[in-house]
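Two complexes follow with chain A in common, the first pairing it with chain B and the second with chain C.
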Partner chain A sequence: MTETTQSTAPPYPAAAEKLKFYGLWVGAAIALLLLPKLFSSGGSLTTFSLIGISIIFALSYNILLGQTGMLSFGHAVYYGLGGFLVIHAINIIGTNKLPIPLPLVPLIGGLTGLLFAVLLGWVSTQRSGTAFAMISLGVAELIASSALILRTFFGGEAGISANRTKVFRLFDWSFGPQIQIYYLVAAWTLLAVIAMYALTRTPLGRMCNAVRDNPERVQFVGYDPHVVRYLAFCFSGFFAGIAGALAAINFEIANSAYLGAVQSGTVLFAAYIGGIGFFIGPIVGAIFVTFLSLGLSDLTQVWQLYFGLIFIAVVLFAPGGITGLLMMHRPLLKAGTFGRVLPSYLITFVPTLAMLAGLILATEIIVYYAVHGGDDSHIKAFGIPFDAANRYLWALSAILLVGGYWVARKTWTMVGHAWDEATGGAREKGAIA
Partner chain B sequence: MLELIVISTLNGVLYGMLLFLMASGLTVIFSMLGVLNFAHASFYMIGAFFGFQISRWFGFWPALVIAPLLAGAIGAAVERYGLRRVHKNGHVAELLFTFGLAFAIEEVVQIIWGKSPVDFRIPPSLDFSAFTIFSTNYPAYKMFMLLVSILIFAALLITLKKTRIGLIVQAALTHPHMVGHLGHNVGRIFMLVFGVGTALAAVAGVIAGPALVTQANMAGLLGPILFVVVVVGGLGSLPGAFVASLLIGLVQTFAVSMNGSLSGAFGPLSPDYAATWLSDIWNVTIAQIAPIMPYVLLVLILIFRPMGLLGTRDT
Partner chain C sequence: MSTAIELRGVEKSFGITSVIRNVNLTVAQGERHALIGPNGAGKSTLFNLISGYMVPSAGSILLRDEVVSGLPPYQINRRGLSRSFQVTNVFANMSVWENLRCAVLWAAGYRYTFWKNIDNLPEVRERTARILSDINLTARRDVPAGLLTYAEQRALEIGITVAGGANVILLDEPTAGMSHAETERAVELIRRLTEGCTLLIVEHDMSVVFGLADRISVLVYGQIIASGTPEEIRGNPKVREAYLGEEAA
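And then the complex of A and B:
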C-alpha cells in the first residue's frame, strides 16, 4: 500500500497520448484495407475472413470470462442462433425483395444473439463460478439437442443454406466474390472491436471487472452483481450473434455444428490461449488458433491432440496466455534489464526444443502403430518424411525426450534465477511498483 | 402397461445407479478439492476401453479389477502432477485444466481405438436371461450391473460412515480448511479421493461398456448429463447426487419407452401447418425428446430451486 491514495481523477491524456490511441485504430483500419493487396489469393482471403469472425467471437467470449469472470461452456449457442436466423433472414429478404442490403444483415444476427441472451441469461447468471459453468453447459446441450428435433427450422443434420447474392444490392455490390466478403467481415470486425473496447471503458465495463474481482464488495457498494453479470451476458450474446451471422454469410450455410460443444470449446481455447487478462489477448488467440487449426491439419493427422496439449500446457505453465507472457516483459524492457534474461532464454531454447521434437516424434510413431499398423511405414509428419519402423528413430526420440527434459529442467531453473535478477533490477529502477 | 412400468423402473434404477457411481466420485471430489472434474466422464470412458482391451487379453473378470485400478492410478497422477500445480491459479484454471484433459483423452482414445464402436461383449458366463417377467426376458447381465452398483454403493456408505478415512472425508465435505488445520495430510487425502473417484467412474465404464456402446464419443455424451445430476442434486451434496441420479435415470428411461405426442393426444395437425415448425413440435414423440429431458429438468431446477434438490452450499 502506498501512503498517499490517489483521490483525484487521472490527468486528462496529453495530446500525444490521444494521437497514439487514435492512430492505433486508424492504423488497424488501413492495415485491414491493404491486407488483400498484399495477399490476394482466394485462400488467404478466406483465412482472413475466418480470422475476423473468430476475433469477434473470441472477444465477445472474453466479455464473459476475462472481464466478468464467468466461465461459459456454451457460448456457441448465441453464435449459432445468430447464424441460423441470418440464413433465414437472407432467404426471406431474397424471396420478398425487401430493401435490406447484406452489410446490415449481421445486425439481425446480433439482435438474435441479444434476444436469446436476454431470455436465457437471467437464470444462467444467478451464480458465477463453477455453477455458472455447469449451467451454461446444460443450456447449450438443451439448445443443441433441440435443434436436431426442430427439423423444419434448423434443417436437421444437413442444416439450411441460402444464397447471399440474391439480397437487395447497394452500389451494385453482389457479395459473390470472396474479396467483397472479406471487406464486409473486416468492416464489421473493426466496428465490433471498437465497440467492445469502448464497452470496457464504460462504467458498466468497470463494474464487470469489480464483479469479477470481488462480488461481495460490489454488493456493499450498492450494485447487484447478478444484474451486472446479466448485462455483460447480454452484450456478449449480441457480439457472438454478429460473429455467427458473419460466419453464416461467409459459408452460406448454417448447421447444427454451429451450436455444438466443439464450437464452444474452440472459442474458449482461442480466448484462453491468447490471454484473457488483456483486451488484445483474445485477438491474438483467435489469429493463433485459426492459423493453427488451418496449418496443423495439413501437417499432421492428429492435430487436435496437439491442440489439446497446447491448451493444457498454457493452463499449466502460462495462465496469462500468450499476451500475458509477452506483457510480463514490459517492465523489464522499460527498465532496460531485459538483456539479463535473454541469454538464459537462448540457452533453454535448445534443450526444450529437443524435448518437444522427441515428444512429437514419439507421438507420430505411436500414432502410426495405433492407426495404420500394417501399412507402409514411410510416413510424413510436419512435412518431414521418415520411416516409423526404424529402430534408430525410436532410440533418437527417446534420447531427445528424456535427455532434453533432463537438460531443460536445469536450464529452467537458470531462467528462474535470471528472471528474479532482472525483475529485481527493474524494481530498483522503479519500473515495477 | 404394468409390464412397461416394471421393466422401465428396473432399467431406470439401473441407469440411475450407474449415474450415481460416477456422480458420487464427482461430488466428493468437488466438495473436497473445490473443482468440478470436467474429465470425470473421460475416466468412465477410459474404464470402458481398458476393460475392453484387458478382457480381450485376460478375460472379463480380471478386467473388472485391473481396469479401475489403472484408471484410478491415472486419476491420482492427474491430481498429483496436474491439478495441484494449477491450484494456485484458481478454480477457473483447474476447471479449464480438466476441460483440456477431457479433450486430450478423447483424442488419444480415438487414435488408439478408432472412432467406431469396439466389440465389447457380455461375458458368456453372464449371457443368459435371469427371469421372465410378463413375457419379457430380463438379461442376467443387467442384474449383475445392478448388483455391482449396489455393492459399491454399500461399500462406499460403510467406508464413509464407519472408517477413519471416511470420517475425514466427511469432515472435509463441510469444513475442508479445518481438516487441514487439524494436521491431516490433506494433499495425500486429495490424491486418494481423486484416485478412488476416478476408479469408481472406471468401474461404471467397465460394467456399462458391454451393455451400452463403447465408443470414443461416450464421454462427450455422458459428461453433460453427469453435471446435470450434480447440479440438480445440489453441488457438493452426496445424498442429493443419489436422489438426482435415480430421478434422471427414471425420467430418461420412462421417456424413452413412451410414444405419446401432441398429435396423438389432440389429433393430427391441420394440413395448413404441415410445413411449418409447429408440425415438428406437434409430431415429436416423448421418446424423441428423452435426450433433452435432463436439461429441461436442469433449467426448471435452476428457476425454482437454484441450490439444487438437497444442496445447502452456495458456490
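And then the complex of A and C:
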C-alpha cells in the first residue's frame, strides 16, 4: 500500500471497533435467544414471530426504496407467492415423506420470490420513478386477482392450509409449539438481516446507492442502471419470499390477503415510518408498526385511521422516519448541546399532547355518530369510557384541538430556535460538517 | 498518429431543428483538442453524441477506429471514453470517497459483484485514494458530495471522470463559473490528470483554451468552420468574424 493511500483513504476499523461491530450481532443473537425467557406467554411469542417476519419483509422492501430508489406498490407479490409455494411444499413434503426438515423450507419461499422477481423484474426495472411504481402496481393487481381466479393453486377466498408438524423431523422438533416457531423465525431473521446488511457493503450495494442518487451519471462510469436495479429487485424478491414463507409456516395458511395491496401498503408504511435512509430504519419501523397494529386495534375501532395519520405526519414532518429523528440528535449528544433543546421539547410536549387528545376525542365522537349513530352513546376508546352524546365533551374536544394547536404552534417555533442554537453549538465544536 | 475520436458526417436534429450539421472531426491519440464556439452552437450536443447520451440522426462516430454511435453510454465508457458534465452531476447523498470509488469499480473489474466486501478491495482503495489526493479533496473525504462548495464539486466532477482510467476524456466547460484563481488551479489539475490521455474539452475561457489545447475546432451553428493549431485559429478570418470578433467588440 502506498503512502497516499494510507494518508488519504478512510482508516480501516480499529480492533476495538471491529469487536464492537461483531459484538452487536452476537448481542442480538443472545437477545433473541433469551427473549422467550422474559416473555414466555403464547401471545408475546406470536408477536415476536410476527415482528421477525415483518423485519425481514421491511428490510427486503428497503433494498428497493431506500437503497436503490425504487418505489414499489406491489412488493407483497413476492412475499405472497413465497407463502403459497411453501404451503404447497409442506403438503408435498408431508405426503411424500421427503427428507426436508422445516427449518430449510423458508428457502423454498425465498427461491420462489427470487424466481418471480427474475421473471417479472426485467421489464419493470427498465425505468425507476413513476414508471416503475405504476408497473409494480399493475403486476400486483394482476397477481392478486389471479389468486382469486386460479382456485386450484391459490384456494380462492379461503386460501390453502398445511400442517407444519407433518414435515420430516430433525432432532425431534415437531414445530407444533409457538416457542419452536419463534426460534425458527428468530434464526432466519438474524441470518436475513446479516445477509442484507452485508449486501449493502458490496460493490453492487454501493452502485445501488449510486443509481438511487443519479442513474444518469452511473451510465458514464460504466454501469447499466437497469442491470443494477434488476439485481436489487431480485435480491429484494428473494428476501420477501423468505418473509412470506415464515408467515405461511407461522399461520399454516396462505390466502389472497398475502398478495394484496394492504400487505404491499403495510410494508411501505413500516419501512418509511422507520426511516428508509438508514439500514436499521425498516427494523425500527417493523417493530413499531407491528406493535401499533396489534395494540391499536384493541384500543379503538378506527385504528387504521390513526395509522394513516401517523404516516402522513411522518411524511410531512419527519421524512427521515423515527430513525432519522433519533439520528438528528447524535451530533448534539456528541457535542453536549442536547441540553439546549431538551427543555423546549418538554414545554412543547404539553400543548401538543392536548391537541392530539382533542383530535382523538373529536375523531371518536364523529366515528360514533357516523357509524354507530343509534347505539348506546357510552363508548370506550383507548381504554377510557365516555359519553359521546355529552355536549361538554364536544366543547372540550374543540377547545383542546384549537387551543392546543394555538399554543403548540408557538412552542414549535421555540423548538425551532432552540434547535438552531443547539446545532450551531455543535457546529462550533466540529460535530457537524 | 492513430486517431482516438473520429466523427464522419454527423448530423443531429430535434424535429425540424437541425442542431449538428455534417460535422467531420478527427482527434488524434494523445492530442488535447478544444472545441469552442458561441452559445447554442451545439458543443454540448456534440459531447452528448460522442458519449452515447444521444444517438446521431446521421453519420457515424468512431472511437479508436471502432463505430460507437448507437451504443449506450455505459458501453462507450467501457471502451475507454469518459466525460464530465457542464452542470455538476455527482452522487449527491454519497460521500466524496464513495463518489470516486463508484467511478473506479467497473474499471477495476468488480462490475456487479455482490460477494465481496467493498472495503476490502486494496486496488480500488488505492486508486480511489490517489484520485482523492489528486483533486485535493482529502480533507473533505467523508462529506456528502451535495454539501461541497461549487469549486469542490467541479473538482469532484473531474475526479469522477478520470477515476475509471479512461484514456479518452471529454470535459464540458470544466471551469465554468470559477474565479480566476480557481480556474488556474483547475487547468493545472486537468493538465496533470489527463497526462497521456486524449482530451476533448469545451471551454469558453480563451486563456484556458489557448493555454491547454494542441488543436482547436470552432463550432458555429452546428458546423465546424475551422480546425487547426491555436495560431492558425487565431489568424483565421472566418473565426475572428464569427466568434473571436464578437468578444473583442
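Just a few scattered comments:
The definition used in the following text is that the second predicted complex is superposed on the first by the 425 of 433 C-alpha atoms of A that agree within 3 Å, B and C clash if a C-alpha of one lies under 4 Å from a C-alpha of the other, contacts with A are read in each partner's own complex, and residues count from 1 in each chain.
To be clear about the criterion, a contact is a pair of C-beta atoms (placed from the backbone, for glycine too) under 8 Å apart; a residue touches a chain by one contact, two chains touch by 3 or more.
Keep in mind that this is a model prediction, so the values were computed, not measured.
Using the contact criterion defined above for the overlaid structures, shared-chain residue A:Glu141 touches chain B, although it does not reach chain C.
Once the two complexes are laid over each other on the shared chain, residue contacts for A:Ile280 go to neither chain B nor chain C.
In the superposed model, A:Leu393 lies in contact with neither chain B nor chain C.
Touch criterion met: A:Leu309 reaches chain B, while chain C stays clear of it.
Of the two partner chains, chain B is the only one touched by A:Ile149; chain C is not.
When the two structures are aligned on the shared chain, A:Gln126 is found in touch with chain B, with no touch to chain C.
Using the contact criterion defined above for the overlaid structures, shared-chain residue A:Glu216 touches chain C, although it does not reach chain B.
Contacts from chain A toward chain C in the complex involve residues 1-2, 4-5, 7-10, 12, 198-199, 201-207, 209-210, 212-214, 216-224, 227-228, 231, 235, 433. Those residues of chain B whose C-beta lies close enough to touch chain A in the complex are 30, 35-36, 82, 85-86, 89, 91-93, 95-97, 99-101, 103-104, 107-108, 111-112, 114, 220, 224, 227-228, 230-231, 235, 275-277, 279-281, 284, 288-289, 291-292, 294-296, 298-299, 302-303, 306, 314-315. Contact residues of chain C toward chain A in the complex are 51-53, 72-74, 77-78, 82-83, 85, 89-94, 97-98, 101-103, 105-107, 110-119, 121-122, 125-126, 128-130, 132-133, 138, 141-143, 147, 160-161, 163-164.
Here chain A touches chain B in the complex through residues 65, 69, 71, 73, 123-124, 126-127, 129-131, 133-135, 137-139, 141-142, 145-146, 149-153, 261, 265, 268, 272, 302, 304-305, 307-309, 311-312, 315-316, 319, 367, 370-371, going by the rule given at the top.
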